[in-house]
Amino acid sequence: MTTQFHGIIGYTVTPFSHAGEQLDLPALGQCIERLIDSGVHVIAPLGSTGEGAYLSDSEWQQVAEYSLGSIAKRVPSIVSVSDLTTTGAIRRARFAQAHGADALMVLPTAYWKLSEREIVQHYRAIAASVDLPIMLYNNPATSGTDMPVELILRIVREIDNVTMVKESTGDIQRMHKLHVLGEGQVPFYNGCNPLALESFAAGAKGWCTAACNLIPELNLELYHAVLAGDLEQAKTLFYRQLPLLEFILKGGLPATVKAGLTLTGLDAGEPRRPVFALDQQNIEKLQVLLAQLR
Amino acid sequence: MTTQFHGIIGYTVTPFSHAGEQLDLPALGQCIERLIDSGVHVIAPLGSTGEGAYLSDSEWQQVAEYSLGSIAKRVPSIVSVSDLTTTGAIRRARFAQAHGADALMVLPTAYWKLSEREIVQHYRAIAASVDLPIMLYNNPATSGTDMPVELILRIVREIDNVTMVKESTGDIQRMHKLHVLGEGQVPFYNGCNPLALESFAAGAKGWCTAACNLIPELNLELYHAVLAGDLEQAKTLFYRQLPLLEFILKGGLPATVKAGLTLTGLDAGEPRRPVFALDQQNIEKLQVLLAQLR
Amino acid sequence: MTTQFHGIIGYTVTPFSHAGEQLDLPALGQCIERLIDSGVHVIAPLGSTGEGAYLSDSEWQQVAEYSLGSIAKRVPSIVSVSDLTTTGAIRRARFAQAHGADALMVLPTAYWKLSEREIVQHYRAIAASVDLPIMLYNNPATSGTDMPVELILRIVREIDNVTMVKESTGDIQRMHKLHVLGEGQVPFYNGCNPLALESFAAGAKGWCTAACNLIPELNLELYHAVLAGDLEQAKTLFYRQLPLLEFILKGGLPATVKAGLTLTGLDAGEPRRPVFALDQQNIEKLQVLLAQLR
Amino acid sequence: MTTQFHGIIGYTVTPFSHAGEQLDLPALGQCIERLIDSGVHVIAPLGSTGEGAYLSDSEWQQVAEYSLGSIAKRVPSIVSVSDLTTTGAIRRARFAQAHGADALMVLPTAYWKLSEREIVQHYRAIAASVDLPIMLYNNPATSGTDMPVELILRIVREIDNVTMVKESTGDIQRMHKLHVLGEGQVPFYNGCNPLALESFAAGAKGWCTAACNLIPELNLELYHAVLAGDLEQAKTLFYRQLPLLEFILKGGLPATVKAGLTLTGLDAGEPRRPVFALDQQNIEKLQVLLAQLR
């Protein structure tokens, strides 16, 4: 299986109506329209930014179904189906496939630290339950599991429909290793916003980001400068958007992106507790940062 | 509120009937009888060892109700009610209180890293929802959240019914700090098995452990040697059980404790996937370790 | 070779006459008299506290000769002979032996990270150049080299006159491992002041400390309580001296111990630059801490 | 003072005649001729690769004088004058200036961890002792001191002749911060070979490397591709040389670069003990790597 994506892969938020309690699906629909209008290449519902980890099973299914219905194949979709249990992840994977997802993203979240054998088997079981291509996602900061490059490549080689790798450790040398040990054949994607420039320099096929909810033009222009091989322009574009990229990473993606959407006219509500909404001081900082990029 | 525990606080496992799929409540009942017969001072259902993080809400409630019914106030109980969302943790806290728990344990599990403000508010909301004493639990390795001693003491001081602290970082100097900054007034408990001896030397009131499912006599004897102030005897007892303590920590508590229970005649099934049961080689190692302690 | 020490092993400072520039040997002599009068079991010149790393070869030799002459075999001496080059360490080792040292301490300081093979060979070459027993010293924070317990025990087993181990990582579990893998036969010593109590509980034979320049009675009383197996008394004595132990560790041993000596009537001068003397605010803090322990 | 360098800054080794014992100055001269012939932009004697930390004062002076005499201003020179004591570093700085160095490099090596105040004062004292521009060098892995970007910029701003920054933590985000907080005005240089590509993408003015002793053409071509803004060509050139860059980093620069020089006809001897020469197996690996780049 050789499906792969390229370019800007945009994460959706999951809007709530009050203090993170009730789903606000119409707001989710608006968020998706904005992303499609902006020209992102792929849409990724229910990722970290989408607070997928904080939803009940029933909510998760509502958001998945609604998102896929709204995207309606206008761009490809990749749905994050991570769950602490293998059974739960399989249930989500099948649900996403049944409702039209083009690909799945799987982060091996862990309470008890997983062995390599357990990680491989987790991927194998999920992959066997669907026909879709899967993007393996490495992000020890949120998942508690750090997969070394050798393990990642073993999974890609052993499991047919694991075809893409998203790397979010923030260590650019992992991407070198993916490129070299993968002999340039394994498409990898950057999930660490402040590495947007260097990951493209190192050969990343795409950039998975929630920033495109707020500054899609700058994200896309950076990608196009890279495609054109124009290093100077890419650098200028990168440093222009870096303060915002760092702000949303530091403030937490759900809180900062939701605040940014609200500032730009789309009320996305607050994150679910225990995660707080952005406080007033940071909302004002974000407003200044956004204004500087207009 | 001054409720506090002392001595050996024993964790239950959650037995499953097949590959971690179905709850096996009768086996859970046997596990609890063993712990009570062994003389542990407190029983702690649904903790890390109890795979609380891997249960559905409905399963969690069945296990909580069944455990509390089985313990039947013969010894005090402390139920872990952690959940990724504040709302979920409150729901569990109220359920445990309604079914007779004597205390609650709360670990601030996180997907998105929590700020100090968010952690305090999470504890405040859970504590306000019940009348029970709460043991704050710090274990960054499983929860992804590391609470410095200053934050822990702030929570204990600001929230009336947070009265006990379980420390599992493995850094004995955290306990020094709890003792010194807490002016000897904040009872703390050790949750890191290989620090059993030194944490008592540093002033811990108790030892939260799953090892008492397998070697309760040795755990209790160590505690009694400490109570008697007999350092030499405590050291001898500690080094005698250390190989087993390290084995169960390294192999993962649910997998190793369940294997040990099965070896000693109580079939507790396997952990839930993606966590694997102990493999044959390690089962044999465990058998040897247990035989050496008979 | 089975030479080993026990009890309190006291480090000397190296007094300077002005801003760390000129050696003040008479003050060094007074420092040594104080240590001997206080009853410490062993004296250790030219260690970390003695700023051995900051001395020229000629200064180092003057201090070694003067110290050994002053100690005059009234108590055993152990001289630190560490140097970045193997040749330099051998030169110091031979000098110390020629001037009457009873044992040597060797820390494998590194600029370029050393492989295990290089570390073993470094110890082998130094050990072969003398007849004295050697204490291997592990302290990655100052040396840049962290020796795992397995490597340490390999060196002890392969090299006859490496007979003692000083552990200063601050991880009490290293001492468990030294005890278990060394089958209780390898004497180990604690070099991390805030672990004074727990390292004795774990079986350390002695405590290498500069604190005995300031509070030798408390250091010795803790050791005697441990020898008597009186855990409660040991704990009380430990927590009594802990604030001072943490203060001198945090403030840097040469600066804080020299300031403390000056406060107690022995002008030891300042550390050599770039290390600063204690500032006025911290001198006052130290004065309060010392007054509380009188 | 605005002196700054750009391009490839090449480190010299310090050849020894036997097992790291005697200086081999004629071999050093050949090494320098090669570097000049290859077209590197600047030559840097006595750095990490040059084993400056392992030389006696007298040896250090011989190497400094011989190197500067050989370079003879044909390209600019930057001499590393680091020493554990401030007095020693000043002595070396003055010596280098007196013998014609164009600039100095200063790494704050530490035995006792330095406070920010101590680091600033160390730089201030060295800078005040000479008229030359100074490159501040941050490399916690060898020096034991990690200077955060804010501290680095404070030093650059407060001390006139500290005009350049060499960053070797391997964290590309430090360079973003140097660029952003330094408002694009503080020239920074990459000292981490595997970041050669990305550091240029992030705006580094030059690359400090010992690799140019072995593959100067590839190093220079990468720099020229970057200057031309040709990202695709830069990437191709980078990945071509990456295996060698990683090999020399992993094997230790003095050992691997000396082995590589010997393989290419310039006998540079072995590193000084405790550092070992490359073993036969790795010499063969290096030979293969070099052959692939011919």
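So that you can tell them apart, the chains are marked A, B, C and D in the order they are listed, and the count of residues begins at 1 in each.
Everything that follows uses one rule, which is that a contact is a pair of C-beta atoms (placed from the backbone, for glycine too) under 8 Å apart; a residue touches a chain by one contact, two chains touch by 3 or more.
Model, not experiment: these values are computed from the prediction.
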Message: Given that chain C and chain D are copies of one sequence and touch, is their interface built from the same residue numbers on both sides (over half shared) or different ones?
response: same
- line: chain B and chain C have mean C-alpha positions lying a whole-number Å distance apart equal to 39
Message: Just the number, please: Cα centre separation of chain B and chain D in whole Å.
response: 52
Message: Roughly how far is chain C from chain D, centre to centre by C-alpha average, rounded to an integer in Å?
response: 35
- request: Going through chain B residue by residue, note those that touch at least 2 other chains and give them in order.
  value: none
Task: Could you draw the chains as nodes, link the ones that touch, and say if you get a line, ring, star, complete or other?
output: ring
Task: Using the touch rule from the top, collect the residues of chain A that touch chain B in their complex.
output: 21, 48, 53-54, 84-87, 108-115, 117-119, 121-122, 125, 141-142, 144, 252-254, 271-276
In the complex with chain A, residue positions of chain D that touch it: 170, 172-173, 176, 179-180, 194-195, 197-198, 201-203, 226, 229-232, 234-235, 239, 242-243
